[in-house]
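The letters A, B, C and D name the chains in turn, as written, and every chain counts its residues from 1.
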Amino acid sequence: MDFTSENTAPVHPAIVDAVVKANTGFALNFEQEDWTRAMTATLRRVFGHDELAAFPVVTGTAANAVALGAMARPYEAILCHWDAHIETDEGGAPEMYTAGARQIGISGGHGKVDPAALARFLRNSRFGNVHAVQPAVLSLTNLTEAGTAYSSGEVAELCALAHEYGLKVHMDGARFANALAARQEDAGRMSWRAGVDVLSLGTTKSGTFGAEVIVSFDPALAREIAFMRKRGGHFVPKSRFVSAQIGAYFQDDLWLANARHANHCARLLAQGLSTVRGIELVHPVDGNEVFAAMPDVVVEGLMKQGYRFHKNWRSDPVQHRFVLSWASDPEEVSRLVQDCARLAG
Amino acid sequence: MDFTSENTAPVHPAIVDAVVKANTGFALNFEQEDWTRAMTATLRRVFGHDELAAFPVVTGTAANAVALGAMARPYEAILCHWDAHIETDEGGAPEMYTAGARQIGISGGHGKVDPAALARFLRNSRFGNVHAVQPAVLSLTNLTEAGTAYSSGEVAELCALAHEYGLKVHMDGARFANALAARQEDAGRMSWRAGVDVLSLGTTKSGTFGAEVIVSFDPALAREIAFMRKRGGHFVPKSRFVSAQIGAYFQDDLWLANARHANHCARLLAQGLSTVRGIELVHPVDGNEVFAAMPDVVVEGLMKQGYRFHKNWRSDPVQHRFVLSWASDPEEVSRLVQDCARLAG
Amino acid sequence: MDFTSENTAPVHPAIVDAVVKANTGFALNFEQEDWTRAMTATLRRVFGHDELAAFPVVTGTAANAVALGAMARPYEAILCHWDAHIETDEGGAPEMYTAGARQIGISGGHGKVDPAALARFLRNSRFGNVHAVQPAVLSLTNLTEAGTAYSSGEVAELCALAHEYGLKVHMDGARFANALAARQEDAGRMSWRAGVDVLSLGTTKSGTFGAEVIVSFDPALAREIAFMRKRGGHFVPKSRFVSAQIGAYFQDDLWLANARHANHCARLLAQGLSTVRGIELVHPVDGNEVFAAMPDVVVEGLMKQGYRFHKNWRSDPVQHRFVLSWASDPEEVSRLVQDCARLAG
Amino acid sequence: MDFTSENTAPVHPAIVDAVVKANTGFALNFEQEDWTRAMTATLRRVFGHDELAAFPVVTGTAANAVALGAMARPYEAILCHWDAHIETDEGGAPEMYTAGARQIGISGGHGKVDPAALARFLRNSRFGNVHAVQPAVLSLTNLTEAGTAYSSGEVAELCALAHEYGLKVHMDGARFANALAARQEDAGRMSWRAGVDVLSLGTTKSGTFGAEVIVSFDPALAREIAFMRKRGGHFVPKSRFVSAQIGAYFQDDLWLANARHANHCARLLAQGLSTVRGIELVHPVDGNEVFAAMPDVVVEGLMKQGYRFHKNWRSDPVQHRFVLSWASDPEEVSRLVQDCARLAG
């Protein structure tokens, strides 16, 4: 009955097994062991890119902030959707890692950066003028914070625009698997082939204890990321236990299976809620998140019954967020829909 | 045969069990669950301090840097032994979290800050003069980086001196358990009762996957730490799995048992090596680290046999470091001594 | 024929005289001389505040950024009008001095923060939530960047709102004299009596070589400002020559006389332009700036004749800025109006 | 009778004239005027370098910190003599502009970096190791803080060593003219021809109101410097008045004449003091500074007579600093020597 966040779900048994199995005797620390080597090899295969560099960290905030810290100078700016996680929920971490680069919100419907808005902004930017912060990075989130998924074509269009003005592109992929599942798309095509330079790839929300990986497709940025990661305190000594999680996450396409299940449950919930009187979906449901406008009587009723979800998303009095995960139970989803229907009267 | 670092050792089975057991169904994220509450209660009991605040993170660098970031303003300075970990091995993390506060090395034998050197430095500091960075924090390491242990009396003397000049005191306790075991001392007396304001308490080196906890005895600093931790990307979403490790670490005094074992093994090694011709111990062995000056023939022989240890500590051509842990095998220690003796000829 | 900025105007003769006269023999450096002491005494009299502390610097960007650096912690936020100079034209300086605090733009007509918009923002702010940057400072600009002047009552209303939520208030007073002249208001009532904690008071735009002064009405912030100013490289060694400028600026109310003249010239221009066909004033003209939407034919004609002004203000294709100063010649203003009328046909 | 610092001396009349003459009518701001263009042309001629870029600022701290901010990444280190001004007297400004790069003191006699000590440090540096801050800049001070002058050969030797390890070289030339005069050396040979990449060239100590210029011989660093300067609040709007000072400073070799006079007075003082019983010179007197160990009775006697000088240099109870400048009067120097002799008894 918990729909608050993927992070309230348990860890997937396959991940638990992998960590327990990695605990065999002594192993070198600081990524000089086999688990990390294997993880990098796996990622190169998954993304079809022989030279990518992979840097595990244990929070999504770190994955984003370390990447951005390597990509932007202090007097530069990071363009992102105004609703992006780096803008709303990371306590200023990107500003810390960039030593003060500015985040500038670009508009667009349902969490996606609007190419026309981005083009307009870039056209009017005062490049080369020292009085103005200099746009240097475009950060896209896929799944977006509104639960929608960019197609690889949409990503490519935005990347081309960014590159035209000399910006690099970062992708916050905390729910990258859900985006791939939503779009039935390939990892490489959704990232570097579309023009993404650095991807912050999450696994925590899809079943690990806590493991995110900064994937750099740009060899020149790898050195920066390595030093910035250590400097931020994110270079984990007993690295095998983090890399082992990431390895297991990709093993036998567990990541995609988990994402498909979560997306499926979300679709169930969305279809159910859309039939309830007085409830309206706020955004298209591409992935594993459902944003719904609900009557107070329903919200209060659900809470009384012990349902957990994110009330008043973005301080909105009528909007609430439900997140589904690999551990969601379709029957519980059905019960939630029925309870909503009953409460709505 | 691995004596490189405690971080190459496996995780203690009790910790593994605790993490696996914590994986039961859904639980709130971001420390709003029972494991974290229990952890704080445990720490309050262990330290005999009802108002301490505890902030888990997953690396020692983060535990130090976040604490210091809360304690020093950018134009201030942190005094520490010139050989402290924050000075030598954290890639500038304290500078990042303090936005540029300076670390100033104080001298002293065997890794301990010399009270006379500290007093002299403070007496000559230009307090209130804007041209000079302002000493604001004394950071002590216990165990020191030389493997020696301050007594609580030594800590108290240094704290009193620091407080006299208005400085706050931080303790890097990556090996705090080993220091307590070495000095047969109580946690409270070694920290806040001696004058320590914030303790970065390690558990990773003594048997967990990766869990350190910033213990603030100063309520005014707690808010700073909370915000700085998030801002650094160190607020772990699935917090139960970190707090569960810390809980198990203190359960039935596992921490002290582990530390005593590691210290015991180090003593065995030290006693053995001190009888070998041509080998000299560089520092007194209070805890679980042995620093030895060794003939090249011994070093090369050990490496050929597959022994792992930290060669050329601090770029010193003749000094090498051996670290013992909860997982060290006394028989392997004996074999190491015998091999040294044989190689020394 | 130069209406680009007050900074293209010459320095007022009384200021030149004061600087030349200060060059008499040796004098202590770093503000331990009489000119700085006199300057502080003058400011205390002008503002009717016996304990204000005054910190001269030589650019407006420094006056704002140093002040904000003392007022906000890195994880906090500064609220300002979206069109404020600190947001648009200081190359990220506030982010540098605050080590990454975020600036958040609040809306409002004609450059003024709308109290309702501010109240709404504060009401929805997640105070105490580590995931969100914490609003800590309200920065008001008077004259605003749109050339309008807050009344002291409007300032007081906004300050009260800010203080209610625990924020401190900064005022960017690069054109403070023009605002006082516009509102026929007293310096104290427009600043600390209305609730302003720190004022960045400009003199450069009103006739000095380059002298701004950070006026702190909050004794607790003075220490921070002193250290941050030095750390930013803004503590001028030969301080007498900066303080002498500020002293002369206030002598015999030169500042208000200069501001009244500039405002008067702007009013002349505004009245003239408002009679020209096809030209529209974009904002009310309270002070010394005129923002006008003009037909291209007029703009091109003026440029051909050698007029200088700020074309395409804020990248707007039709909006242009004309700034008047102490050195503006009313006859030139008349000629400009006539030329516009002629060109407009 | 003031020997505290060059900054207590008056401004040279030729500089005053130049500033007053620059105040003729309107002129573009932000270095888009003729004075700045002329200044750059002059510097290119003086240094014999057609592509140098010049960035005026108004304090020496800014000249150093902005340059270093452009040269070092946050995880890097700046090597300098332990007694360098950036280390001892700039309130942490280099740490601010570099966002936390560390300054590491290298030893050497009389204020000069010892090439052997530098070589040893570089040899032992852990380049490429993320746990260690990475040496990236060597900063030399000429005149040194001990008043000695490097020869261009000594500079070239240190630069070659630095470049061999991939470091860039910065020179703090707050007293660059005094160093050239001391060594009868050419500006180009003492800087870029010897391997210096960026020079912070002072004029304030030699007769201007407040004007320093960052001279970049490395085109790639110019962009960084330009943005960092603005971001630090050091891009002066009424730029003509700063550039005019620098122009006049080089006119007819005024800078070298001033430096020669100051050096000459220092030599007079040094020769005089060296004959006084109980007084010892601490360092060779190459330039315009005299460091003397003096009996207390002499120090107290001088102060009673109203002499001003820097007592207890570097907190040393017996060492005191006397600085000579363009405005020093040789007769006053003689009187000072006589008074010392008389007081020494």
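FYI, contacts are C-beta pairs under 8 Å (C-beta built on N, C-alpha and C of every residue); 3 or more make two chains touch, one makes a residue touch a chain.
Please read these numbers as outputs of a predicted model, since none were measured by experiment.
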Chain located farthest away, centre of chain A as origin (C-alpha): D
Between the pairs B-C and C-D, the one where more C-beta pairs touch: C-D
Distance from chain C to chain B - Cα centre to Cα centre, in angstrom: 50
Chain A and chain C, separation of their C-alpha mean positions in angstrom: 42
Approximate Å spacing (C-alpha centroids) for the pair chain C, chain D: 34
Touching two or more other chains - residues of chain A: 74-75, 90-92, 96, 99-100, 130-131, 227, 230-231, 235
Residue numbers on chain B that touch chain A, as the complex places them: 2, 4-5, 7-11, 16, 19-20, 23-30, 57-66, 90-93, 96-97, 204, 209-210, 227, 230-238, 241-242, 308, 327
Residue ranges of chain A touching chain D (in the complex, touch as defined): 73-75, 99-100, 130-131, 134, 224, 226-231, 235
Chain D partner contacts - residues on chain B that touch it in the complex: 74-75, 88-92, 95-96, 98-103, 124, 126, 130-133, 315
